[in-house]
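Chain IDs A, B, C and D follow the sequence of writing; residue 1 opens each chain.
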Amino acid sequence: MTVNVGVIGVGMIGKDHIRRLTTVLAGAGVTAVTDVNLDEAKKVAEGLPNANVHSTGEELVNDDSVDAVLVCSWGPTHEEYVLAAVAAGKPVFCEKPLATTQEACLRIIEAEVAFGRRLVQVGYMRRYDSYYRALKSVVDSGDIGAPLLMHCTHRNPSVPGHYTREMAITDTAVHEIDMVRWMFGEEIVATRVLKPRKNSLGGELEDPLLLIFEMSSGALIDVETSVNIRYGYDIRGEVVGETGTAALGEFSPVTVRTNNRFAGRVPEDWRERFISAYDVEFQEWIDGVRDGGTYGPSSWDGYAAAVVSDAAVEALRSGNRSTVELAEKPALYA
Amino acid sequence: MTVNVGVIGVGMIGKDHIRRLTTVLAGAGVTAVTDVNLDEAKKVAEGLPNANVHSTGEELVNDDSVDAVLVCSWGPTHEEYVLAAVAAGKPVFCEKPLATTQEACLRIIEAEVAFGRRLVQVGYMRRYDSYYRALKSVVDSGDIGAPLLMHCTHRNPSVPGHYTREMAITDTAVHEIDMVRWMFGEEIVATRVLKPRKNSLGGELEDPLLLIFEMSSGALIDVETSVNIRYGYDIRGEVVGETGTAALGEFSPVTVRTNNRFAGRVPEDWRERFISAYDVEFQEWIDGVRDGGTYGPSSWDGYAAAVVSDAAVEALRSGNRSTVELAEKPALYA
Amino acid sequence: MTVNVGVIGVGMIGKDHIRRLTTVLAGAGVTAVTDVNLDEAKKVAEGLPNANVHSTGEELVNDDSVDAVLVCSWGPTHEEYVLAAVAAGKPVFCEKPLATTQEACLRIIEAEVAFGRRLVQVGYMRRYDSYYRALKSVVDSGDIGAPLLMHCTHRNPSVPGHYTREMAITDTAVHEIDMVRWMFGEEIVATRVLKPRKNSLGGELEDPLLLIFEMSSGALIDVETSVNIRYGYDIRGEVVGETGTAALGEFSPVTVRTNNRFAGRVPEDWRERFISAYDVEFQEWIDGVRDGGTYGPSSWDGYAAAVVSDAAVEALRSGNRSTVELAEKPALYA
Amino acid sequence: MTVNVGVIGVGMIGKDHIRRLTTVLAGAGVTAVTDVNLDEAKKVAEGLPNANVHSTGEELVNDDSVDAVLVCSWGPTHEEYVLAAVAAGKPVFCEKPLATTQEACLRIIEAEVAFGRRLVQVGYMRRYDSYYRALKSVVDSGDIGAPLLMHCTHRNPSVPGHYTREMAITDTAVHEIDMVRWMFGEEIVATRVLKPRKNSLGGELEDPLLLIFEMSSGALIDVETSVNIRYGYDIRGEVVGETGTAALGEFSPVTVRTNNRFAGRVPEDWRERFISAYDVEFQEWIDGVRDGGTYGPSSWDGYAAAVVSDAAVEALRSGNRSTVELAEKPALYA
């Protein structure tokens, strides 16, 4: 059985997921597309064997050929389309963020709880990366004892001019926010943001930042975000346990010895680093939809990420420790 | 368009490729199966949405629903099925070896040349491994100068009791034979086999071996095969150029610090190490078949591997240097 | 010319330095010893070719055979002996701490400034470690741009029962305190101490800790101290610059491949890790004394370490950010 | 007690050892020097506190102030000076080679055996390198099972114009020859030399070479010598055992992340790589002389290296396997 997907938003990310669904993965097809730019949607549809074009996301959601919905549109529109999919009882994959406010996330949770079954998956792909999975598997094995700390770095070679210091939290470190909740299997309860000496290559941008997250067990996470560090896209993480540590391995297929150096490669960008994770993420989503389940990051995860991000932004602005206040967690997400 | 594949041989490898074609890759289906054990073929077909069962490979090849043929049967039967596919003008993927004798390989080449277009691909999957591809890309870039040497190791934790010293060449090092021809872009012209002290864990088996290959440019390749080394499946390679070297990176997603050690992981077996390479190999084959081409290891590569293997077996038995005498290479494989 | 050293304190560390001065390094001898346990001092002297035993440190300092003084006694006695050496105009090497209070450190500085020439060196040996020196050389080269952050870990396999949480600062992280002042060439201006989830192996001990130091340039340092982590003595550090990073290499002479692992060695204790640094530290001190100079960590460095330690202890107790208030720096230490 | 050394030959190496004996190590002094260039010897003596200048090596050997002799003169003179020292019953350290012919080596052995006690040590310093020692310690521990193979590389950035292909054996790989005899605790019994494609940077020089050594146990050693490889001085080695392998670690104190690379350092030359090994070698020699013993590489080791080198040169010239024929080993060297 082929899972037929309707895609809302055919910008860069939407196009890439359509490529993935139609030329990389097994068991999926794309039977409907829409975009705020309807001409673009039509152009994309022409490249597909059999895809309807819709003028609105709601129309697409209700297209009978659509088994599941993929939301890749502009963030502020996510809530509306996810709610429409839930209303139609169709599985929906929503690129991050789930919605742009905590309240909107809660409305989605409420709708999904009312429906009575999980339909929503949020696009946090690190959980599907083979390196993070291997790391979690060591942590879960108990080989390093109870986890007490995690040191993370999230480095980008450069960011565009409109990038703000808040985006280092909401766009960049939000991946670590979801990852550590998953890695440690617990919630973040408070956060601080420290401001190191500024990187002059970023002009006025307050970069790097050093984020501190406190987990409910007391475990501490530190995350360095450096978004103009030029040398590469470098995602690292080390979990410190009671009797040992476990760290992400180097992501380098080849070691070159030249010029008094032996050198491995640091990826150029997130595509090089995480392209396989996206493939796995979507294959598992497609397989889950086909088999009647949705198992990835949930609405609750999307909501928690939003609340932690908001707290971190507040901590960045105030310079103080900021606590994370979550609503009660519905049993659906236990 | 879906490429419909007929599978000859549904043993362990055949089953794994069927899983790959139907649940991992895009654009493929399995519409026919056969096996020397017909009951097994029937059982496999039952698990597929729409697959015919045939009592012979020839019948399967000529099934109209079959666009392309996959040969995973017992080695001695390969020639017959590949020739049948060529006769039918259908693309055929043949697991290694292409055939069990040089003469059989030449008959396949002759048939393919007569047909006038490449139809045959042989299952040398290292060319599709991201690590080897990155290595070749450094070598081809000229960053280490002209390649002069390559050091390889091919280590297995253990082999079954029926494994013979010749199999260290024909089953094990044959992967390096194909790989170095591709890596260096030239033929192997001579070979020697040296016999180190015997590993007592292998009983009477002459293991490890140290194989030496001379390339047409004069470059030298050494390959250590150790097939009872217990600690893991460890495939390594370093190309030595005029001004530097390039080596396969470590295949380890996580580094663990415990017990006065920092340790990465060595794969347990070839599945762990090369499963992605198989996926890429088959996706590229499927895409090629769909687009009308076949671009992977050719009949010529299968033939050359057979001739080099034979020379190496002779060198192993005689203790002498053994030259590799290849037929003239048809223009089809230029 | 041989530099004749008088050693105050012949406990474990004193004995080790006597071994170093007499059997490892060039140009040094030990001509006088004393200890609070006079019998022990006599026993040590018997093992030396020509050493006087003194009943007090002051007497030893004024022994004409003594060119330079080495203070390895109990911390609270350091001030008295260092001041005696300065009064006698003799170079003095004082194991850390320089003194147990800021005020005592300032009295030493005052005496040395009054004398008009540097005589005092404090035993911070990381500045002599080849790994830290290589790291500093990369930072100073500008290859990674201006340094903005440093991530450090200081891990011990275990600590004795009397070890307190304050000692994680005053005994353990004090090495990082001196090291980062030297690495960055600037003072620490403030500090915080965060408390991760407690390691249950340490009983009631608050361990690990996460220390944050702010440098005068705004650069931020984080230091994880984990003193019961069992797996080894693991000292790491990565300086993050504007365009790259530089980290201490692994201190492992051999890589072993067994049991599905490739593994390097983590040192067992500080001896294994830093024994060479101690040798270099003392050879450079001896050479400096012979040539009329003292160039290592100064009284000022000892004082600054004391002030920062005090601030960090306060931060640990209060949970707040604590600023570092240094006296004005005399020109002697420019 | 100070060991007073007389140094024969004060060229680059002799000067470096004098520096080592007088300013780095404990317990040694230099009380006599000589050189074929007597003016140079006088100049060197002026820089020493108390050194006699002699016009011949024999005179120096018999200087009463000389406890032990260090021979750093031109290779062809080694035999004469070593024999003189043995005749005088004085310990003698002879830089490699022990002598320039097998026969000369045997004459030294004969003299030493007649004297009845070991006096001669040959300058093979790899046995004193902490990395090789750690490697041997793993091999000896049995952790990787019985050793069956060793892969070595000996790479130099460049060699002077007068360097010949034979020198790749007699000057370069001779270090591996001594090292593997020590590492495996057995003799080399045969050798082959294979000639890879030539490095064009070396002009007419046949470089690299691939040397194969067979040990008496059957273990096989391969040694790549690449003497114009530009990128650095890179000494590597991996011992392959029955159940695992052990390899020299990377000799790099710092890892730098810049330009899409994480990179460690490859030493520039043998000084950077082995300077510590020379220090240890001489400290142990001095300590041994003082305590009445000589424990390092013996006359027998110097002789065996000469015989293996000769066999390898013959193998290089003939293209054939060449056996190593050693005299009977006197009990003195058991």
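Methods note: a contact is a pair of C-beta atoms (placed from the backbone, for glycine too) under 8 Å apart; a residue touches a chain by one contact, two chains touch by 3 or more.
Since the model is a prediction, treat every value here as computed from it, not as a measurement.
> Would the interface of chain B with chain C count as same or different, where same needs over half of all numbers used to appear in both copies?
Because over half of the interface numbers appear in both copies, chain C and chain B meet with the same residues.
> With chain centres defined as mean CA positions, report which chain is farthest from chain C.
Result for max centroid distance from chain C is chain B.
> Distance between chain C and chain D based on Cα centroids, please, to the nearest Å.
37
> Calculate how many whole Å lie between the centre of chain B and the centre of chain C, each centre taken as the average of the chain's C-alpha atoms.
58
> Round to the nearest whole Å and give the separation of the Cα centres of chain B and chain D.
Chain B and chain D have C-alpha centres separated by 45 Å.
> If a residue has to touch 2 or more other chains to count, which residues of chain B qualify?
Residues 230-231, 243-245, 250, 252, 257-259, 264-265 of chain B touch two or more partner chains.
> In the complex formed with chain A, which residues of chain B make contact?
Counting only chain B, the residues touching chain A are 22-28, 130-131, 133-135, 138, 143-144, 243-250, 252-259, 264-265, 276, 283, 287.
> Quick check: in the complex, which residue numbers of chain A touch chain D?
Chain A residues touching chain D: 230-232, 234, 250, 252, 257-268.
> Touching chain D in the complex: which residues of chain B?
145-149, 151, 153, 194-201, 208, 210, 212, 215, 217-220, 222, 224, 226, 228-231, 240, 242-245
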